[in-house]
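Please see the structure below; I have some questions.
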Amino acid sequence: MPIEITRTDDPGLAARLIANDRGAYVMGGGTGLMRRIHEGDQAVRHLILLSGPRLRQIAPERGGFFIGAQASMADVLAAPEARALHQPAASVGAPALRNMATVGGNLFARPPYGDLTTALLALDAEAVTASGSGEDRRPLALLLEDRTTRRLVLGVFVPDQGGARLHYTKMTRSHPRGASIVTVAASLARSGGRVTMARVAFGGLAGAPFRASGVERALTGGPLGSETIATAAERIGDGITPMSDALASGWYRLEMAKIHLRRLLGTAQGSPS
Amino acid sequence: MAKHRGRGTVAVNYPIGMNLGGDPSQALVHSNPEGQFTVALSSIDLGQGMKSVTRQIAAETLGVPVGHVYVDTADSDTGAQCMGSFASRGTHRVGNAVIAAAKEARAVMLAAAARELEVNPTDLETDGLGNIHVKGAPQRSVTTKDAANAAQFKYGESVSGSGIFLIPMSDVDVETGEMNTVSCFAHCAMIVDLTVDDKTGEISDVQINSAYEIGRALNPKLMEQQLVGGAWMGLSHAAYETTEPAYPSRDHRPFDFSSYVMPGPGDLAQHDIAILERPAPDGPFGGKGPGEMCANPVLPAVANAVFDAVGVEIDTLPITPERILRALKEQRGA
Amino acid sequence: MTTPVHFTHNGRPVSLFTEAGESLLSLLRLKLGDQTPKYGCGQGGCGACSVRIDGQLRLACLTLAETVDGAEVETVAALSAPNLDPLQEAFMDHFAAQCGYCTPGMIVAARTLLDTNPRPSRDEVIEAISGNLCRCTGYEPIIDAILAVAAQEVSA
């Protein structure tokens, strides 16, 4: 079936097209979509090539910074504002892929992909979506949970982290590049030797990246001791079904999530608050 | 985290070629009007260097520069029959066939040169630079091009040759079960050292030390590269790649190069190689060929090294971190 | 649906029509006859189709052809004219190609690295070629060849 292509700089039009037609897709870098087209995926019938300066912008905004949905991983790596995301962005694919893969596309990537998204969750990012001729904001976690409503993402807003620090790690089978066995992103704030805030997200582990509230609760309130960390690690599996694929079984993924959370927080223990 | 270093060793006697009712290969060689030579083979170069090595063998036998030889492979319409590029047989079988064919072509070329120089062909030698001259009298010389042209245009002779090399079928002795299937063995000894992380099952810091006895390294650089690249693939088979990751279940089969896992450039083993040359009596210029033996030893050596490191014996390939971790948990009784 | 695109291909302006959904790789190989970028997997996983678009390393198989309108597209063919790139010489000297299928993509990736980072470390070389699969060489000779060119270009 021939593919239809619409070029536009009107986000409202793009939002309407994808909301009303499940065969319509906004094009990011195309690293997921073009592949589906090559593979003959008949579900992709209409590509929307949306352009506009805001979509590639990375700039400070009140209370944080904004990254346009069409900013590539390479754009993120080149932007000093987005320093918190440099390590996650650098862990996506290889150089050519990073020049193409966009932030918006990463939100909807096929599992076990979604490394940048995992970090964005731990940073408590908000999804900036098109609404009529304006913009709407909602927690990224909500956008990811609601997979039935097809929204146009204009970008993500990352709030200032105050005293919190992001700790990030990604486990792969091949090196230096590979798809995730598990990706762990943890943002922790500490004061007076206690953890005052913990946001912990996992990618690769269970389909789409998610926040692990049980882990967060277990970490919050007390000192970041080995026992706390061990208790928190046991909460990772709460309410999820770890995914099995060619890279690893769900059993192994969950085991690795525990080990890597422990190792990651073990290094956080030693680092300044 | 506990990391354990382990060492695995392996020794290989590798039979060159196979023998299911005889193992022949053929070659055709002819000169063109420029006095250059074409070798036609139906043997396939799949990256292992068949073209390079048969080209060298033909040039050496003909007594002409390597640049005067072109090898046309992998066309079973224009090349004579070959059993194929497998069983590490290419250099040995095809190389011998090329020698036989090139000798015939050389004889015609020398006969024409002898008539041009009015001497006996047995008094002639080639200098490998494109000249044929009288032994002991280099000034009495004719170029290989002029000789090949004279053969065709003056004497009506075809400067060409065909060659076959056959390892005949070996019958089984019904009394003893004895048979002699191969004439030539290559050898390898390998030591693999590696580290196993007992919390993740991951293997890292792989160091390979190997020694290969390959007859004669007809092209030493190509040989070395074949051994390095082959060991990479061996490591990949040992610890990474599979089309059936959940075997015997057929679930979760890979569908791209992210899910079909192979070692990346950041997973390379440090590999030190020693090449021992003991020319094979029936090999082309003594050559045997490293063939499959460059990859195979890595598999048992890795399995042995993992056993040495953490005491688990994995008998399913590939030896993935997950398989190691599961075995470790069973060992600890978890 | 066909759409006209205008871009420069290895420095030469070209104009042609693309089919909707067509990749840059198919445009280059089938319509422009530049077969130097290879069709490996068509999934972005092998890097054999690596090209440069406005100087940036990209995968031609995953690039929608009409998005290169107005851009400068370079394949390995641009590097080998009129003389071979030093990387191409070094790949030969170091036996960095066996079957040769990955070589064009490897060279484009390596040239892009050296243009922006003339003195890469071994790890930086590894990172730069990490999207390019090689099934024959075990990567070692490729890494050596790239490091050799870096040393030579810096000292020159």
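All chains are identified by letter, namely A, B and C, in their written order; residue positions are counted from 1 within each chain.
Simple rule for what comes next: contacts are C-beta pairs under 8 Å (C-beta built on N, C-alpha and C of every residue); 3 or more make two chains touch, one makes a residue touch a chain.
Only a predicted model underlies this, so the values are computations on that prediction, with no experimental measurement involved.
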Touch-based graph of the chains, sorted into line, ring, star, complete or other: complete
Identifier of the chain whose CA centre is least distant from the whole-structure CA centre: C
Busiest interface, counted in C-beta pairs: A-C
Length of the line joining the C-alpha centres of chain B and chain C, rounded to whole Å: 30
CA centroid of chain A to CA centroid of chain C, Å: 29
Between chain B and chain A, distance of the C-alpha-averaged centres to the nearest whole Å: 48
Set of chain C residues in contact with two or more other chains: 43, 123, 126, 130
For chain B, residues that touch 2 or more chains besides their own: 258, 262, 264-266
For chain A, residues contacting two or more additional chains: 176-177
Parts of chain B lying in touch with chain A, wherever the complex brings them together: 1, 199-200, 240, 245-246, 251-255, 258-267, 320-322, 325
Touch list for chain C against partner chain A, complex: 1, 3, 19-21, 23, 42-44, 47, 50, 56-59, 61-64, 66-67, 109, 112-113, 123, 126-128, 130-132
Contact footprint of chain C on chain B as seen in their complex: 46-49, 221-222, 224-226, 228-233, 256-258, 262, 264-266, 268, 271
Residues of chain A touching chain B in the complex: 171, 173-179, 244-249, 251-252, 255-256, 259, 263
List of chain C residues in touch with chain B within their complex: 41, 43, 45-46, 95, 98-100, 123, 126, 129-130, 133, 135-143
